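Look at the two complexes coming up: chain A is in both, with chain B in one and chain C in the other.
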Partner chain A sequence: MTAVSINFDRLLGRVTGIRGVVGAVVLDAEDGLVIAESILGGIRVNAVAALAASMYRRVSHTTKAAGHGPPDFVQLQAENGVLIALPGSCGTILAVIGELDLNIGLVKIELNKILVRQ
Partner chain B sequence: MNDRIRILADELANNPVSLCFVELGALLRKIGDLTGAERVLAGGVARHPGHVEARSLYGEVLLDRGKLRDAFREWSEVVETEPRDVGARKGLGYLFYKGGQLDEALEHLEMALSIAPMDQQVRQAYSRIRKELESEETAASAAPRGAGDMMLADSRGRPLTGGLVTDGRDVSEEVAAYLVGVSDEAARSARMLKLGNWIWITTESGNGCLHISKPTDDSTLVLMGGPGVRPAEVEMRAESAAKTAKDWMDDSRVD
Partner chain C sequence: MTGVRAVEQWAEAPLANFVRESGARLSLLTTTSGQVVAQYGFTRSIDVMAAAALGAGVVASTSLMTQMIGEVGYVKINNRGPGQGIFLAEFDTPRGKYVILAVYGSGSSAGLVQLFFEDLVEEITSSCPAPETRRVILAEDFERELNDNLAALFGRK
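And now, the complex of A and B:
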C-alpha cells in the first residue's frame, strides 16, 4: 500500500463514518481499478469500482450530449440504496454506496473535502 | 302548496304589477313546473327589472331549463346591480365551471364565500374547483413540452415527445441515443450491488443538471435544469412529469 493510498484510506474513512454510507472507493476512471477503498459489510469492492466507472462514463456521454459537459456529481437512486460517483483529480472517480436514508448533502461536503486534498 | 299557488296566481292575475310573482315563481319551480315558473318570472322581471332577488331566481329557473346563455346573461346583470348577490355569484361560478373556466368560477365563488362564509354548497364547490385548478396547474407544469427542458425517449434511443434545447440547439436526438446505455447500466449496477430496481439518476455540472427516470419499462424521461436550477427542484418536477409520461405512454399504446 502506497503513502497516497494510505492518505486516501484515511479520508475515505471519514466518508464511511457518515450514517448510511456503506462504502467509499477511489478508482481509476479509465479502467475502474481500485486505488483506495473503505467498504463496510460484504460488498465486493471491485464490483462497486467497475460499475461506478462504467456508470459515470455512460452518464458523461449523455451530459456532454446535452451540452452540460462532464458531470461533477452523479447519483443513482435505487429501491434499496444509492450509488454516487464524482470525478476526482488525475483521472480518478470517487464512488460512494449508501443506504436509502443517506444524507446526500453531508456526503457531498465530505467528498468535496477529499477532492480539495487530492 | 297548490292552494298557495292558486292564491298567488289569482293575485297576480288581478294585479299584474304585484311582487307576489317572486313567491309564485319559486313555488312553481319547487313543484317542477319549470315552464310556468319561467313564464311568471319572465313577466315579473320585465315589469320589475330592478328586483334583484327575482332576477337571481329567474336565472336559476333558466339554468334548470338548460338555457345556460340566458341564465348567464341574467346573473351577469344581477351582479352588475348587486355585486353581493350570493345566488348570482353561485350561478355564475357554476356556469364558468361548466365552461371549463376554473379561474373565473373560483373568482365568483370567492366573492360568494366572502358574503356567505358558512354556505356549505359554496364551500364545497369552492374547495372542489380549487383542487381541480391545482391539479391542472401541476399537470401543466409537469407535462412534456414541445421543446426545451423535458423529453421522453423510447427504449431504442429515439425521442418520443418533448425535447431538449441547449444554447438554442436541439440536443434531443443525441441525448436520447445515449439514454439507452445509461438505462442499461443503471439497471445492471443496481442489480449487481443488490440495490433493487433503479428509480432515477441525477447529474450535476457547471452548466446545469439532468434528471433521468423510467416512467415505464420501455421509456426514459429526462428533465434538464439550466445553471442555477437546483437539482432538488428538478427532482420534484420529475416526479409529476413521470406520472404524466406514464399516462401518455399508456394512452399512446395501440391495444
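And now, the complex of A and C:
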C-alpha cells in the first residue's frame, strides 16, 4: 500500500464515518475515473464517479459563466438521498453519497475539518 | 434520425444510444478484422476504412502483447490528448468479438465513455441475432451441377 492510497483510505474512512453518509469516492475530475472508493455494494461506483465528474464540470461551467468561479460545494438532492461533490487537490473530486436525512450543515463542517487535516 | 449509419440494422439503436449518452463525437463499430458494422460522425468513407483498419490492428496487436505477458481478458485502451480522447475496446457477443472506437471531446470524459460502453455491450448482446449457421461453400454435387449448367449454357446437351 502506497502513502497516497493510505491517505485516501484515511480520508474515505473519516468521510464515511459521518452519520448519514453511505459512501464516498475520490475521482479524477477530468476523466471521471475512480481513484479510491468506499461504497457499499449495490451502487455502481464507476457510474457515480463518471456522472459526478460530468455534473461538477457542467455546474462549474455555469457558475463560471455567471462570473462566480468554480463551485466549492455542489449538493444534489434526489428523491431517496443526497449526492455531494466538492473539489479536492490535484484535479480530484470527492463525491459523497448520503441518506435522505443527511445533515448537510454538519457534513460541511466535518468535510472542512477532514480536508484541512489531510 | 440518429445520425448512425449501420450495415447491420441491429447495431443502429445501441450505437445511437451510446453516442447520445457518452457524448462521443465519432464512433465506429467493427468486427475484429476491421469490417465496419456501424458508424457515427464520419463524413468520408476513406476515414471510416482507415479508422476501422487501424482500430482492429491496435486491438489485435495489444491483445497479442497482453497474451505475451500472461494476461487474459479483453483489450480496453483509452488515450487522452489535450483536446480529444480516443477509447478503443473489444467485447464479446453471441456473434463473436466486436471492436468499438469512440472519439470524445471536452464535453465528455473517459469515465462517461467507459460507463456507457458497458451499456452498449449489454444492448448489442441482447439485440444482435444468433450467429448464422456456416453455409456450405461447395456443395457435394457442385462440380456435376456446374458441368450440367455449362453444358446447358453452351448447348452441349
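Here is the rule we go by: the second predicted complex is superposed on the first by the 113 of 118 C-alpha atoms of A that agree within 3 Å, B and C clash if a C-alpha of one lies under 4 Å from a C-alpha of the other, contacts with A are read in each partner's own complex, and residues count from 1 in each chain.
The definition used in the following text is that a contact is a pair of C-beta atoms (placed from the backbone, for glycine too) under 8 Å apart; a residue touches a chain by one contact, two chains touch by 3 or more.
The model shown is predicted, which means the values in this text are computed figures rather than measured ones.
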Which of chain B and chain C A:L33 touches, first, second, both or neither: second
Partner chain in contact with A:A49 - chain B first, chain C second, else both or neither: second
Partner chain(s) touched by A:D101 [first = chain B, second = chain C, both, neither]: neither
Partner chain in contact with A:A78 - chain B first, chain C second, else both or neither: first
Touching partner for A:H68 - first (chain B), second (chain C), both, neither: first
Partner touching more residues of chain A, whether chain B or chain C: B
Common interface positions of chain A, toward chain B and toward chain C: 47, 51, 54
Residue ranges of chain A touching chain C (in the complex, touch as defined): 27-28, 30-34, 44, 46-47, 49-51, 53-54, 57
Residues of chain C that touch chain A when the two form their complex: 80, 108-112, 114-115, 118
Chain B residues within the chain A interface of the complex: 164, 166-167, 169, 171, 174-175, 177-179, 181-182, 185-186, 188-190, 192-210, 212, 222, 224
Contacting residues of chain A [partner chain B, same complex]: 43, 47-48, 51-52, 54-55, 58-59, 61-63, 65-83, 97
